[in-house]
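The structure appears right after this line, and notes come after that.
Note that the chains are named A, B, C and D in the order they appear, and that numbering of residues resets to 1 at the start of each chain.
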Amino acid sequence: MTTPEVHMEKEIIKYLSAQQCSVQWRAFLEVFSQELTQQLTVTNLRGLMRRSGERFANQHPLPATETIAALQEAINVVWRSQNWGGASIVEDGTRLIIKHYLSPLQSGMPEGATWASGFLEGVYEQWMHQSGADLSLHVTQSRLADDLGTVEYSFGK
Amino acid sequence: MTTPEVHMEKEIIKYLSAQQCSVQWRAFLEVFSQELTQQLTVTNLRGLMRRSGERFANQHPLPATETIAALQEAINVVWRSQNWGGASIVEDGTRLIIKHYLSPLQSGMPEGATWASGFLEGVYEQWMHQSGADLSLHVTQSRLADDLGTVEYSFGK
Amino acid sequence: MTTPEVHMEKEIIKYLSAQQCSVQWRAFLEVFSQELTQQLTVTNLRGLMRRSGERFANQHPLPATETIAALQEAINVVWRSQNWGGASIVEDGTRLIIKHYLSPLQSGMPEGATWASGFLEGVYEQWMHQSGADLSLHVTQSRLADDLGTVEYSFGK
Amino acid sequence: MTTPEVHMEKEIIKYLSAQQCSVQWRAFLEVFSQELTQQLTVTNLRGLMRRSGERFANQHPLPATETIAALQEAINVVWRSQNWGGASIVEDGTRLIIKHYLSPLQSGMPEGATWASGFLEGVYEQWMHQSGADLSLHVTQSRLADDLGTVEYSFGK
């Protein structure tokens, strides 16, 4: 049985999640991505998103930073200026785990459009390479989005 | 010589135009449309936009209306709910002239992306056909955007 | 010791809370409420807020509803149209417990301005009286705001 | 007789003007300012707004500038960051004429609340004094708002 408390929390999460993507673009993104999937394969679309992300990173280069905490903050300065949620970065052995919370792409794209998360893969990989990381290291999505739209990416071999 | 008055008016127009597209999507739309033009031809892209527009019209069907003025108002109810500017419709002989002002696509897409205005072509054509117009009649763009981003479309043969 | 997980959740809560009040009004509300406290007592200010809330309720009357669930939904239709968060209502013996989450007043007013929550007291009390509740019953705040800005009100004797 | 062209331009102006004040605060500002006028005189309210404006200027100090053009730009950096429209400043003999366009206070406050324009008087006067202007010089409103909400202020003796 669902208690009122739990019910309200689900309402809050639904409200907050809907709030992440501007009303202006929700309907457009839905129909446009539906048409794109008629025209291009999922692999094509994920690649398109990745390269768009790399382009975004090139247009928003990060300042040089010395620590993971400073890198995380430099990244969040960009995301805050765009209302694109934010990121937390932690080391896990030889990898970096990047969690991006509250991205408007996550809440704005239709549910099946998993290729859309290629965008942040491209952004993060390009930013890591700009910071001097080895070009053989890559960013891949390591976990699906949770209720609030947090997606986990992993950077390494 | 430019007087201060005139200068300020240009500033106002620039400010208002920038305001039409949510900050959240401006940078994304720019890089994404740049990548799309690498992958697809302008003809493909305009078609993609047109069909996306038709899909939008199907998802936002208009109520039946008896007059041009009522049709215009029904259309503007949709656009207002989306922060997508608005439209004026006037008869011109056997044609309808549709002016759409302050569309966020117009101000949000990079300047060269003229194919983007296919979206509103698709929306308006589908809405006209829903209203019982002959399927042989089409919407085409009849004038380029002015400073405030008003685009003129013509519906007829 | 704070784990990264917990740290990120606090970041998310901070981000979401800041997001509730439009950037346009945050600085104005801060300086204006600071000046108000120079001019009026806290009791005056709370009363001013209460009466503003009653006025708001009169300008946004609720449709008649038969159940608590329907009342809650009618209330949330108003709040959603204004981006003012939302409410959950549950019965607790002879009282109604109203939790309002994510009000922009809560996140937009300076921390000390506890009188601001008089606004929602006035709104809810007036709505309850409109719905036919006895005029001797009142709404009072029963719990301070939590981290996400949820405030609890109680309606009864 | 009104031509369709003219009609549409009025529609555009109405749309743009409504857009200046966030939906979230319009209804609140209306009821709150109605209650304030029950409690305080117009002179009190204008003074309250002026001092709120001075406080805002102190919290958003301008960098030192050498020319009117640079001062105007420094001012507009602040207004842009807040979505508060913008200003043009020109010299007129011994006075400065400051036109503020598209302020959300102008479109958000109820029509009769002319005391609200005291806020920008206070902001501009304090900024001028910060820039080293003689304390005997003052900012006063020199023209009422036009259709798009542009208000003219004059700084001098």
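General observations
Everything below uses one rule, namely that contacts are C-beta pairs under 8 Å (C-beta built on N, C-alpha and C of every residue); 3 or more make two chains touch, one makes a residue touch a chain.
What you see is a predicted model, and the numbers here were worked out from it, not measured in a lab.
Shared contacts of chain C and chain D, meaning chains that touch the two of them, come down to nothing at all.
Ranking every chain by how far its Cα centroid lies from the centroid of chain D, the top place goes to A. Computed centre separation for the pair chain B/chain D is 32 angstrom, with centres defined by C-alpha atoms. A separation of 39 Å divides the Cα centre of chain A from that of chain D.
Computed centre separation for the pair chain A/chain B is 29 angstrom, with centres defined by C-alpha atoms.
Counting partner chains per residue, chain B shows two or more touched chains at residues 83.
Chain contact topology: the protein chains form a single closed ring, every chain touching exactly two others.
Pairwise, the chains that touch each other are A-B, A-C, B-D, C-D. On the side of chain D, the complex with chain C involves touching residues 21-25, 27-28, 30-32, 34-36, 38-40, 44, 48-49, 51-53, 55-56, 59-60, 82-84, 104-105, 119. Within the complex formed with chain D, the residues of chain B that make contact are 4, 7-8, 11-12, 15-16, 19, 83, 85-86, 88, 90, 99, 101-102, 148, 150.
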